[in-house]
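So, here's a batch of structures to check.
Shared between the two complexes below is chain A, which pairs with chain B and chain C, respectively.
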Partner chain A sequence: MNEQKPGFAVSSFALLVIAFLQVPVIVVVLAGFSETSYLTIPPQGLTLRWFGEVLTDPTYLSAIRISLILAVSATLASMVLGVAAAYAIHKKMLPGSDAITSFLMAPLVVPSVVVGVALLQYFTLIGWRGSFLALILAHTIITVPYIVRSVLASLSGIDPSLEEAARVLGANGPSAFRLVTLPLIKPGLVAGALFAFVTSMENVPVTIFLASARQTTLPILIFSSVEMGVDPSVAAVSTLLIVATAVVLLLAERWAGFHKFV
Partner chain B sequence: MSRLVLEHVEKRYGTVPVVKDVSLTIEEGEFVSLLGPSGCGKTTILRMVAGLVEPSAGSIRIGEKDVTNLPPNKRQIGLVFQSYALFPHLTVFENVAFGLRRQGESGNGFSARVREALALVRLADYGERYPRQLSGGQQQRVAMARAIAPRPRVLLFDEPLSNLDAKLRDEMQIELKRLQAELAITTLFVTHDQSEALSLSDRVCVMHDGIIQQYAPPEDIYHRPATAFVASFIGKPNRLSGTVAGNGADGRIDCGQGLTIRAAAVAARAGSAVDVFIRQEAIRLSTTPEAADNALAGTVAMRSFSGAHVQYVVRLPNGTELVVETPSSGPASDLAPGSAIHLLVSAADVFALPAAGRAS
Partner chain C sequence: MNSARTGLLLIAPLAIVLVGAFLVSVLLLAPTSFREYLPGTGIVPDSWTLENYLRIATDDFYREVVWRTLALGLGVTAACLMLGYPVAYLIVRGDPRWRLPLTLLVIFPLMLNLVVRSFGWIALLTNRGLVNNLLMSLGIIDEPLKLMFNLTGVMIGMVHIYLPFMVLMLVAALQNVPRDVEAAAATLGSGRMHVFTAVTLPLTAPGIIAGSILVFVLSISALVTPRMLGGPTYQVMATLIYDEYMQLLDWSSGSALSFTLVAIAVAIIWLSNRAAKRWAGLA
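Coming up: the complex of A and B.
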């Protein structure tokens, strides 16, 4: 690559853009520390009270728990389906691999609201409306493209002779996959899984159509809290979500070289 | 260790035949090369023996066992890939251990066998390294150790030396020969490099267009090519075309415009069209006329020096040009263009074969 130092003007402009993009995050984080009982910027006083309230409020705790269960289940399901799909596409096991790839990527392209409405109609039709399984399925559908994409990227970097070498050395098909291919796609799989997890954790547009009242996820709760009139606990829980997401992504970058897959 | 037998093996992709009715026997412990230009079907044959490609017809036997329908993991074969295909996430030790572990080996005897295989390729101290920390030649040797560690019945090589530079390739060639002699494993070696095939093999199988052209010891391949393709593919031949003027012991080919060339054994009918092959290195140069089966006068048209050898383009009186290679330390190594020169060719070094199946 041509490593040329950008000029002062370019660097400062880039910094400005980055700062601009971070303003909403900074605002939310600051608001969470305010002593007032309403959202205000700049925060007045400094307190951890709202964080305490969030972490003891059963509504929030239940929402966090539901979100985590949902995200973990959807991510695991996506990993299984996504790896299988990516492997089949990569090996051209089926005719029309390109069409299948586009189809699997569709949830990334179609607006989430449309996906939400479509799934609502579908689940109503088959009588699954309001079931938690339906919600997990929906999240699996919207997260599977991330896994397929990152695993496909990993697979394309693997010498096809490696699996053949394993087979000649006495491994049957499944063990050749488990012993050779799987370890080699692990970075891509981990990156895709983390992205899927984060996507599920923060999803509103699809969840809002499908979640019953007893299945309020964290982003839905935040969404409705903001509608009902806000106190800084919303900002506090958002801050927690931001920090958790940032930690997960940092780990992903450290562990798997995340940027290569997204 | 077993003999490998291919009987009437064919492979078609759709309607395109890649391997056509190939029958081949490799005796126990024998080293056989499949030699041919790219696209001749040699790699497809190797992959069929390994079980990675399914034959369209025919059968493959290893020892007494018909393996035609066995998956690769049940064939007890060692395969060294062109790309080496070392497992990048495993250490050298684990790479070599891979096949033994699949056989359910473990414990002390098992480690000893891995170390023994590594010692055979002189990499005993490299077990803890990862493949990416090794040079190309070392990776190549790990690939060999990995292939031989499970004691396969047949060893297959798919152009294993083509990714190495020339110097390393010569070293590895010697190493390979030593190793094969030591282990005496039945070996099938696929290559497009004739010097590799000739120097390593007990027998060479020359292939073209999915068909075996000649299957014989290296000396026969070189000195007694069976088809025009083999004659044109092996060595650096000059090719002339002519008609048979006399056959059998009185082999004479009329190449037109007063040029008649004597050949030792002409099988073709008198009057039939043939290709005449004379290797560059089989032509002797002399500044004075000498008696020979073929003594041709000519003029040097071009000279090029390539280290150990000098190559001349020599024009004969009838306009035919022949390329002649001579040692650069020899007597006729410094002739200027325009010099008169005599070409001496023994009749045994002239091959006259039916004009078909050309390499180029």
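Coming up: the complex of A and C.
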């Protein structure tokens, strides 16, 4: 049987490209353990000093805390708003579902930096500049399309007769949704929430225009400290983020088969 | 139960948030982009001028930044396509046991913080970074190569960042190619290369187009990587918008540039959707 399979040359090239994708990750991790105060690769001597410095530095701790609070709040808000809207669109409760979906996806089409400056001007006008709630609102706007998209994808894979069966057996609309539909879309919801969380956690182009000095998030801190020069504590905090990302990705893969939703 | 009313109740909260904050704020940029800006004084209220847009079309500096942004977008898209296709092919057509680990290795950099990935490239590409140290200790070069604050650095960083998107789009497209069609072409005497160019490649065209639009639009909008690897002097549209808002405080010019960027992105998406539909109609 003459099957189309990647040959040796194609496979080796592809593996090299996949290796290229991991290079900066490996470099950052190695740099985080370096003993010298300037960044060298390969590291000269191994030390955990920079990790200690990051975990005791109030600037880093505050940035990590603010990033986490912001990402969790925005993700939760997006989940509530996004699941409700996606369910209504899926059930075609309103006319013009396609147009509504396009509108809900619009924050993905407009470049983030434009969303950032637009919200900067708007929040300045209405006096919300510097408010943490306004920052959560901004992150909700940029994360909600991911929830809507993955929940819509999950909903379209559900057999509608399941919810009907629940209704016939006496469940009302809300409980049929909670007992039947919600558990079925859980993998898609988990994947969408993870995407939303990661998007919020790494956002610079919107946050940098809106966050006051006391609201500096972790990516903003790294982004602006790199302009001052490279320092191994940046590599250390980045290594912590790399490990956290890897753990979350593997857990999401086990729970929800994450790769199917990307 | 009235389903339209339930639908309205379910959609309203999100619609109110998006209309009230996102749509209104973007529309409010429009009047600003037509206002006159006087350095030192600020925006002149109730003024009306096309100056901010004319400058983008005529001023050499602005024109260079716009062309550089578009050229960079094209270069990044082409590179992602050429590097990404073999990866997607290996994932879909290679040994099924390797499929999940390879997919996760592609997703992992995508999920990793953008700032961290760009930082990794800085550590590699600066004058005293890994690449230059390695080449110098091997005696290949005497002086460090200039790999940052120019096209090389920004290209490398952006290709790395947008490659996973392209791979995932191409994986989806390749999965939809029926293997029987390829097998039929092979049975009828086509060589492997010919099966690929005559069957596989055309059948994955929708994925190639979708992936290319995505990567192009993302790369012309990118702020973080061009700033971190290009520095303050190698400007693209997004970094210039940032500087006009935060350093020069010229919001008028910044919002005109923002609208130009949105217009380019929307035009590209609209045109390629049309092209894709026409193509699908012909096929």
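Worth pointing out:
Everything that follows uses one rule, which is that the second predicted complex is superposed on the first by the 257 of 262 C-alpha atoms of A that agree within 3 Å, B and C clash if a C-alpha of one lies under 4 Å from a C-alpha of the other, contacts with A are read in each partner's own complex, and residues count from 1 in each chain.
FYI, contacts are C-beta pairs under 8 Å (C-beta built on N, C-alpha and C of every residue); 3 or more make two chains touch, one makes a residue touch a chain.
Fair warning: this is a prediction, and the values are worked out from it, not measured in the lab.
With the two structures aligned on chain A, chain B fits next to chain C without clashing. Ranked by how many residues of chain A each touches, chain B and chain C are led by C.
Of the two partner chains placed around the shared chain by superposition, neither chain B nor chain C is touched by A:Gly52.
When both complexes are overlaid on chain A, the residue A:Gly96 reaches neither chain B nor chain C. Of the two partner chains, neither chain B nor chain C is touched by A:Gly157. In the superposed model, A:Ser238 makes contact with chain C only, not with chain B.
Look at A:Leu169: by the touch rule set out above, it reaches chain B but stays clear of chain C.
Of the two partner chains, chain C is the only one that A:Tyr87 touches; chain B does not reach it. Once chain A of one complex is fitted onto chain A of the other, the partner contacts of A:Pro107 are limited to chain C, with no touch recorded for chain B.
For the overlaid pair of complexes, the smallest distance between C-alpha atoms of chain B and those of chain C rounds to 7 Å. Across the superposed pair, chain B and chain C both touch chain A at residues 173. Chain A meets chain B in the complex at residues 159, 161-162, 164-173, 175, 179-180, 183-184.
Those residues of chain B lying in contact with chain A across their complex are 50-52, 71-73, 75, 77-79, 81-83, 85, 87-89, 98-99, 102-103, 146, 150. Residues 1-7, 10-11, 13-15, 17-18, 20-25, 27-28, 31, 39-41, 80-82, 84-85, 87-89, 91, 93-94, 100, 103-104, 106-107, 109-115, 117-123, 125, 137-138, 140-141, 144, 148, 173, 194, 198, 201-202, 204-205, 208-209, 218-219, 222-223, 226, 230, 234-235, 238, 241-242, 245-246, 248-250, 253, 258-259, 262 of chain A are the ones touching chain C in the complex. Note for the complex: chain C touches chain A at residues 1, 3-4, 6-8, 10-11, 13-15, 17-18, 21-26, 28-29, 32, 83-84, 86-87, 89-91, 93-94, 100, 102-124, 126, 128-130, 133, 160, 163-164, 168, 179, 182-183, 186-187, 192, 195-196, 200, 217, 220-221, 223-224, 227-228, 238, 241-242, 245-246, 251, 254-255, 258, 261-262, 265-266, 269.
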